[in-house]
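The structure appears below as C-alpha cells.
The letters A, B, C and D name the chains in turn, as written, and every chain counts its residues from 1.
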C-alpha cells in the first residue's frame, strides 16, 4: 500500500517534463493565495516561451505569475481580474500580451465543462455586456442566455496541502479556489504539495480532488505564501 | 454558536410542511442506499398525491420509494434505471405511471445545471439513440452533441450522516450519490440526518454540502438501511 | 446632512434579512459587515470559495491561505465552509446567494449596473461582478450619489460598460435610498436635511415620490 | 474449445494498462476484477460515486452504505475516494475513465453498441450505460458470441435500441477477440480449436483477418 507512486517526481524539472513552447497552462490560485510557487519558478527555469496563461489574476504585486510576465514568456492571458497587477497592465497597454478578460464564474465554469465532457453551456452572466460580443444568445424560459464553450489546457499547475500516492488531494481553506477545477480540464495536471503521504492517509470521504485528475506530484515543503492585504484586528487583552 | 438552528424540525410532519399534491420531488439514494427513509414514509403519511418523483431507481424490492408507487401517489417518474423494481414495471406496463428514463449522467447533470444557474448544456451522451428523439443536436469541434435542459424540483428529500445547525452536511461512503446535487436543484431541501450537531462540529474544509442548500433538518437516529445484494468473501482464519 | 459612509453601511445592514446568505463587494459594501447585528444568523459569502466569513483575524493569527475576494486576511466562523471556485459561482449563478451588496460607477433607473470599467480608463477586470449582478437574488448598490466631478451616477441610461442589465433593486447613496423602476428612481428615504430638489439636481433620471 | 467466462475475463484483464482507471459493467465484466494482477495499480471506478473499489467485504464487515453500481456490498482500497453522482459522471463524460468494460446485446462492426433494451422486451433502464459507452476513453465489450437462440450478437448493423454509436474498440467473446472497423470485425485472436469458418458462421458481419 505504501510503495512509491509512479506519479511522484523528485524534481521540479521532472514534474514539468514535456511542457513546450506555445503550451496553454492553467495555474491555480486566487491572486497569490494558493499558488504553486515552485512550479511557477520551474516553468521559468525550463525556458518555455510563447505561453497561453489561464489564471484568475495572473500574478500580482510583481509576485507569482508576474514573474512570467516580466520574463516575457507569455503571449496570451485568459483571466478575470487584473487589479493591481502592474506588470499585466503594462504589457497589455504595450500590446505585448493579448488579454482575454472573462467573468470569473464563466471562467471557472468553462473549465468545469472541459473536465466534465460538456462542450458548451448557456449562462446568464454577461448578457447585455461586452462579454456577449460575438457570442450566440438564446432565450430559454423567457430569459436570455449566452453560449459559452469549454476551456481546456495542456497543463494545470496547482498547489495542494496534502496528497496521497494516487494523487488524491486536500486543499487548505481558500487556497482551494480554481485548483481542483483546473486539474479536471488539463491534459497533464502537476500538483505541488506540502505533504506527500502514502495511500490510506486520506479517508475516502475526505478527498477534495480524486487522484485520477492528477498525473504528477512533487513535494515542496517551503513556500513564501505572501500576503496581499494583511488585515487584522487587535487581540483582546488576554490578561496575564 | 450552539444556539438551536431555525432549520431544525422536531417532527417529520413539520419537516415536510408545504409539500402539496402535484409537487415535483427529488429523493436521494442509489437504489436503497442512502434513502431518507423517514421522509419517504412521511410523505405517505402526509397524504400528498399526484407526485412527480425524480430519483435514480425510484425504489426497489418493494422498499424505499416503492412504497409511494404501491400507494398510488405517483403520477410521473423520472429515473435512469428500473431493474428489479417490480412495482414500477407493473405500473408502467399498466399505464398508471408515466416514466421518463434518462441516462444517469444526464439526469444528475441536469440537476447540477439547475442548481448552478445553467439552463441548458450540450452532452455527448445519448447521441444516435432514442434519448436524442425530439432533442436539438449540434456539432461542436467535429462531434455531435445533444442539448439537455436543467431539471428543477419543488422539494429534495435527502439523507446525510452528519449535519451542523446551519445545514452543512457530510455523507457516508456511497450513500452520498445524488443527494448533494438534488439539494442544489430544489426550492426546499429537507435533510434527514443521523446526527445533528452544533455549528463548529464540522471543519470548513470537511463540508460535503454547504448549508445554504439545506432549508430544513430533521434528526433520525434509526434506519433500516436494507441491503440489496449482501456480497461478502470468507474471513481468513484469524487463528484464535 | 448627508449620509456618511458609515450611515450608508448601517442603512444597508437593515436590508439583510435574518438567516440570509450575503455577498459583500469590495470597498464601501465591505463596511456593512460591521453593522450586521450579532445573532442575526447572516452568512457572508466570499466568491473565492468561502461561506461563513468572519471578521479579520487577531494580530498574529492571519493565514495567507484564508482570504476574502478582496484578498484581505479573514477568519471563518463555526458553521462556515470552504469550496472550489466552480462550486462558489454555482451558488451565485444558481440564485443561492440571497443578496449581493455591490459598488457602482453608474446605475440606471431600469436597474442596469456599470461597475467594472470607465470608458477610456484602465481596465481592472471583471472578477465576480457580472456573475454576482446577474446571479444573486437581490442586488443592492451602495455608492456616492455623484462622481468627484459632480456627475450623477444615477442615470436614465448607463453610458459606461455594463456589468448586468435590469439587475439592481435598490440603491443607497449619501443622499437617499431609492428603488429602480422603469419610470425612474422611486424615493424610499431621504438623508436628513437633504431636500427633494437637491436630490433631483444630483440625479440623472426622474425621481418618483411615494 | 471456446473461451469460458473465466477465460474471457482473464483475457479482458490483459487489456488493462497498469495505472489505469477502469469501470466494470454489471455481469460478465464484473468477473474481470478477479484477474487484475496485484500491484498493477489499477483503480476501479463505480459510477455510483466510488473510485478505488476493493473486493467484497469479509463476512460481517458489509456496510449497506458502501456499494457498487450493481448494488453489491464492496470495500474501498487505501487511496480510494467517494464523491457525488455529478462528479462521478463528470469523470466518465470528461474522458477520465481510461477503459470501460461492458456487456452487450449487440455490437456492430462500426462499434455501435446495444446493451440496454431488447425490442419488445421489458425495459430495465439505461443507468450509466450510455454515459460510459460515449464517455470512457476506450470501450471493451465482453459477450457471448451468439444469443441463446444462436443469433449472432456481432452484426453489420444493430437492430436493437442503441446505447452509443461508434463507441466499441474491441470485443472479447467465447470464440474470439475482435476489433471493430468500418469494413468488418478484424480478428485479433481465436479461441483454442475454434476455426475461422466457425467464427464466420457465428458472426453477422465480415471477419477481416490480419
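Operating definition for what follows: a residue touches a chain if its C-beta (ideal position, glycine included) is under 8 Å from a C-beta of that chain, and two chains touch if they have at least 3 such contacts.
Nothing here was measured: the structure is a model prediction, and the numbers come from that model.
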Write down the chain pair with more C-beta contact pairs when A-C is set against A-D.
-> A-C
With chain centres defined as C-alpha means, what is the inter-centre distance between subunit A and subunit B in Å?
-> 32
Mind checking the centre-to-centre distance between subunit C and subunit D? Centres are C-alpha means, answer in whole Å.
-> 54
Between subunit A and subunit C, what is the gap in Å from one C-alpha centre to the other?
-> 28
For the pair subunit A and subunit D, the C-alpha centroid-to-centroid distance in angstrom is 36
Residue numbers in subunit D touching two or more further chains are 50, 76, 82-83, 89-90, 92-93, 135
Multi-chain contact residues (two or more partners), subunit B | 109, 112, 116-118, 123-124, 171-173, 176, 204-205, 208
Pairs of chains, among all present, that meet the touch criterion = A-B, A-C, A-D, B-C, B-D
Residue positions on subunit A within touch of subunit C in the complex are 30-34, 56, 60, 79-83, 89, 92, 101-106, 108-109, 111-112, 123-131, 171-181, 208, 225-236
Flag every residue of subunit D that touches subunit A in the complex, lowest number first.
-> 19, 21, 39, 41, 43, 45, 50-52, 76-83, 87, 89-97, 135
Touching residues on subunit A, where the partner in the complex is subunit D | 1, 3, 6, 112, 114-118, 164-166, 168, 184, 198-200, 202, 204-205, 207, 210-213
Flag every residue of subunit B that touches subunit A in the complex, lowest number first.
-> 109, 113, 116-124, 138, 140-141, 143, 145, 149, 170-173, 176, 204-206, 208
State the interface residues of subunit C toward subunit A in the complex, per the touch definition above.
-> 46-50, 55-74, 76, 82-86, 89-90, 92-93, 112, 122-131, 134-135, 161-165
